[in-house]
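After this come two complexes, each holding chain A, first together with chain B and then together with chain C.
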Partner chain A sequence: MSDKSKNPLLRAFASPAGRAFLALLLVLLLGVIFNGDSAFFKIGTHRDALRQASVYGILACGMTLVIISGGIDLAVGSLLALTAVCCAKMAIHWNWSGWLTVPACLLVGALCGSVSGFITARLRIQPFIATLSMMVLARGLAKYVSGGMKVSTAIMNPDGTYRYVDVPHFFRLVDSRILGGNLSVVTLIFAACVALAWLLMAKHRWGSYLYAIGGNEEASRLSGVPVVAAKMMAYVFSGIFAAVAGICQAAQEQQGDPEAGAGYELMAIAMVVIGGTSLMGGRGGIGLTLLGVLTIGYLDKILSINAVPEAGRLMLTGIIIVVAVLTQRRKRT
Partner chain B sequence: MSAISKQFDGNQVLQDVQLEVHEGHVHILAGENGAGKSTLIKILAGIYSDYEGRIEISGKEVRPQSPLEASALGIAVIHQELSLVGPMSVADNMFLGHPLARGGFVQKTKQEAGAAKSLGLLGLDLDVRQPIEQFPIGVRQMIEIAKALHQNARIIVMDEPTSALNAPEAEKLFALIQSLKQRGCGIIYISHKMEEIERLADRITVLRDGQWIGTAPAAELPPPKLIQWMIGREISEQFPRHSQHPGSERLRLENFSVFPEGISRRPVVRDISLSVHAGEIVGIGGLQGSGASELFLGLFGGYGASVRGNLHLDGNEVHLNSPKQAITNGVALLTNDRKATGLVLSQSITANATLADLFRLSPWGWRRPVREQAAAQTTTGLLHLRAASLGMEVGALSGGNQQKVALAKWLQTRPKLLLLDEPTRGIDIGAKREIYQQMNEWIAQGIAILLITSEMPELLMLSDRIIVLHRGVVSAEFSREQATPEVVLAAAMGNKPSLADGNHKVYE
Partner chain C sequence: MIPKISRVLTLILIATAAIILTGCNKSNEAAPASAPQQKQFVIGMSQCNLGEPWRVHMNADIAAAAAKHPELNVIFKDAQNDTLQQRAQVEEFVSSKVDLIIISPKEAQPLTEPVADAVQAGIPVIVLDRRLLGTNYTCFIGADNKKIGYAAGKWIVNALGGHGNVVELMGLQTSTPGQDRHSGFMAAIAGTDIKVIFSADMQWLEPNARQEMESALSRFDSIDLVYAHNDDGAHGAYLAAKAAGRDKQMKFVGIDALPQEGVAYVQQGILDATFQYPTGGAQAIDTALKILHGEAVPQEITLNTRLFTKDTVTQGGQELP
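This part shows the complex of A and B:
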């Protein structure tokens, strides 16, 4: 904390944001050196890197709220699958319009989030256990709603034959690009989620409450902070963000896959932690999460354009997460 | 033990203390809160190994470096919080740390037989395979003593062993102590209860502010003299105290009881009736376990609705079922542990100073950083907070400045009734004086103050009236003129204040 360095650059890198930024710069530098036959200098590469990171990033927005309040949400991956399945069912099979489907899916996410929140905040079950059970429950719901199969544009008739329907209009909209094909719409949605989370965390009273609860729950309670309501709100928002991610996923895949999103919660947690938000709660922010999302997103892209096979990519990502978190801890004292 | 000294971060907490325990004697260790009793015990138990001085057992010098070494030397400490593992069986607990094992495998049957035998010696017939958490606290304490005995303890230290016991359980414990004496054990017994001291003591050693005051046979130290030894000190400094004419009645409690563990369990505070007027400081006296802090928390809604009785604020009956309700009704509670329950150490001064009033400072929920900054500036300025910037993390401040931030938080809520629980604990003398001065200003503004402090001079100096609690009930009430250290301490120890001349109110 007491960095006496006069050099403003050095001092900037001593802050959590500076360190997260430094990690991102290092990853980008890696991309410049190992540029995969100059694929790294093509705008399409960056567009795809951002697009691929967006769904994870949207989950990480909700995860940030929950982690800052001192909790954790393991259910987001399953919730993504549940809402993707619901979304496909409503939009493809029932032919609902986007105006109806999207709010309905957000409602599903919010409801599931409020159940996790109620279990952990009101019934005082550890967040790990409460959201673990929601994770299993939501996966089961996804399989129940979908009948265990992917919900796609191929619809089974009662006589066992298939008929094909059009991909819904708003699926195409979400999966399209703007600015002359240089920016994916899902990236735009991710940006909107970051903005919403930032408004809540930095500009709203409830955001301050989350920081206070994560820092010292008992002191917050005795200062009149509505602890139960604030924690529930964090999980509800996490559920809503998971629903947004689920809609994006369904639109991109043009189907609802009940097996989708497995392990996504861990990727979202890794992104939050690499940004420098403390898993103990009370410290961090959505800006840090944005840096963490970009770092892991680009790392993955750079490894893939250099034709590192998936096995190697996963191992390297694991090692880099540990290294990044270790450097943050050492400099924190 | 002789010439024992101990420092914490440069603070001398024990200086040249001596203690001599004879076989078959109960040696009472007496002293006010913070006198150094616990520190001395922890040295004996091997918890603090960096002390000066000598410890001898049967003429041989020893130096316990860890609790395990101490128990090998025959020293057993029965702590206030029992050190038993709840889900494990009675037998496993009794052999915890030194299991009967052959080749690394625990010999369960042998342990169970041994445990049953040790318990039998104390007249306890229990199923030693049951998990220990199934037994009431009194039995658990017996088990702990049995554990000590069976590890061949020759010196048994009991730190306020009856604080969690009811009367019949305590009776059993006293009988047990008698039989321990006959077996030749030396017992060091810490207690705040006069009746126990009178009943059990063979010899008494008194500590005060880390100093050894004296040791005497119990017969030579009747209660008045004991209390004098415990207090003894000169009140070295006069605090500036402006007396006010009390205004209207701000708070009235009638038959107020607090149930921290839920309404069906034992109340910690029973049938308290008291009143506080605007511009008045009422001090709550009492030793550890008196229930004063629980009374504050119950009053403040900290235990939800687990309270009974009537609470009137400015003449209107109110129900404060949450801290939020208490705050909106103009009640503020400064807790006795600013790090655990007072402040969010990872947050800035501004965030802490505005936390309790955020719902007023941010109408419609959107925060107004400029307003928050200004509010924090005002309240911390009033308290002369010294910090490089208001954006600093509170955890980086000194104790005194942290306390000022905690107070600033409550000033911001514009309270009518301030509950101050140990407002000067762990802060330097300069910050103390500033807080005393602030209290004068608050009562001048018509704020009513209820004060808990374990420092006797502070209690006497600051309070207009003193209400003394003993084990959760009011044992006496004194006006400012009547209160002397002796009568207050006697009441806090549960002695009926007949030894003083007083014409004060006596309850029960």
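This part shows the complex of A and C:
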């Protein structure tokens, strides 16, 4: 083991974090080569790439918790839509303040997450099925709450005409920029989510429970880990992170779209896996997910500034995900 | 313990399903009960998918137009984007002997024959928005995306004085509306000095449009106009330009003009123009009444688009030929 490589640099790149970092570097190198008339060297491009990746990244934070516990959460995209619709309904139509809207939305996310968690952990239904049903249910709820329409600043009067209201103040706040316009607030929210997930996983006992459960559920149960509670908490946090993402989505679109977030769960899973967190559970971490988010986020941006046609984009993204995951493959020891 | 809980849950589920189902039945039965003595007509309406706001709007248009005629009773069905389900709905309408069928089909090939069978059984069928193969239906009502793209292109040529840099945010390019809104536009700007400097497929989605627009903004310093294939796309582009402080330097043009989306954006000064893609709901009911009263109708009705700009939005837009 130890005599494999004496070179510290090579050793660093052999670790999961090193390999995920290498994948990110390769994508950035692509950006330097295909820089879209030097658009890649503008600071605004990077700010926008990070802004665009933030909503996916927030979902990926919750996904990391769940995947490390050996589960999967397919419901996050639909939960995003549900909370976006609820958020727009409360903030725009009912004129609630941000102080009321945000906690209410987080509660919606936590409730839905706890239902998925209960079905998975307590009733022992496979997480794939449990969260698949939550995904369908939440999409239905989003359509029900919104009445199938986008919840926007045009509000229908009882007589069928429309009146227009202002975009809520906290929507503008979430969608603004700081540091002289060089950092989006949503990116800051994403960073806060990463920090929170890191605290939970690395600094709290509960984090080690998740790793233990993902590694070997039966053994952790026998050694006294509160398996059901720990697993439920993972889904609850995934729901809360999805709600945060939903609020960011609503604020950026200035509306609640019941169709939002379709396919986002797969993007979030891809980001987690590219980082090097194992889908089998028990191995990985939030730092790796951050690298995965940046890799896919930048890849997306580079394809966009070069105006690569859709077909090419999909093919390239598919290929690069496979390559990135291949570099992550552990050698059997 | 665990099986017990799941048994309780199953019970609850069945109970909820039963309540929902009986609730639906009641609302279906309530409609004919309120009928006056006049001769009643039952119209079956099969919508391919109520997931899109535009289709929700189409159903609302049909319901609003039908509400003015108490002798009409419209039964709405949603095929949830499932072709075979829609086929089954048409067959149900035929076997329950409705007086007329309106269908907004999901796709042509698999629904052509069920519609032909309905016509064969003596039930007139109005086809809305998407076409079927052949001509075995009573009347087709729809708009022409190529024409709308062309109208948008002509308006843009005029608004820019014949030259300028345009960003085109396209709808899904594997869909006919996306292709037609593109080709109509290109035909209209051909021969002018208008250059499409950046074009991207935003798949009708606002977040994608915003991302693509950000890329266009970081690549090009001079953009005169953004042409998006739907209002969502134009709104996303506007938000990107506004965040970059460049929204005043360019115009934004969208398509669809739903009252709570595109028209509202024009009213709020976000978009400079939007072109309506009409649902045809009101025309469908008009045509249905004519058919039911034995009047002749053309087999094909092409709907005109309406242009909404700051000047015309308060008068409900301006009809284009």
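In the analysis below, the second predicted complex is superposed on the first by the 326 of 333 C-alpha atoms of A that agree within 3 Å, B and C clash if a C-alpha of one lies under 4 Å from a C-alpha of the other, contacts with A are read in each partner's own complex, and residues count from 1 in each chain.
Keep in mind that, in the parts below, contacts are C-beta pairs under 8 Å (C-beta built on N, C-alpha and C of every residue); 3 or more make two chains touch, one makes a residue touch a chain.
Since the model is a prediction, treat every value here as computed from it, not as a measurement.
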Joint occupancy of chain A by chain B and chain C, clash or fit: fit
Chain B versus chain C as contact partner of A:Leu314, first or second or both or neither: neither
Chain B versus chain C as contact partner of A:Tyr162, first or second or both or neither: second
Inter-chain angle, chain B to chain C through the CA centre of chain A, in degrees rounded to a multiple of 10: 120
First (chain B), second (chain C), both or neither touched by A:Gln249: second
Touching partner for A:Ser304 - first (chain B), second (chain C), both, neither: second
Which superposed partner A:Lys203 touches (first chain B, second chain C, both, neither): first
Which superposed partner A:Gly215 touches (first chain B, second chain C, both, neither): first
Contact breadth on chain A, by residue count: chain C or chain B: C
Shortest span in Å between Cα atoms of chain B and of chain C, once chain A is used as the common reference: 9
Residues of chain A at both interfaces, chain B in one complex, chain C in the other: none
Complex contacts: residues of chain C adjacent to chain A: 2, 5-6, 9, 50-53, 56, 64, 173, 198-201, 203, 206-207, 210-212, 214-215, 217-219, 235-236, 239-240, 243-244, 259-261, 263-264, 267-268
Residues of chain B defined as touching chain A within the complex: 300, 302, 322-324, 326-328, 333, 335, 340-347, 351, 355-356, 358-359, 362, 365-367, 393, 396, 409
In the complex with chain B, residue positions of chain A that touch it: 1, 203-209, 211-212, 214-216, 218-226, 282-283
Residues of chain A that touch chain C when the two form their complex: 36-37, 39, 42, 44-45, 48, 51-52, 55, 122-124, 143, 147-150, 152-154, 156, 160, 162, 164, 175, 177, 249, 252-254, 257, 259-260, 300-301, 304-305, 307, 309-310
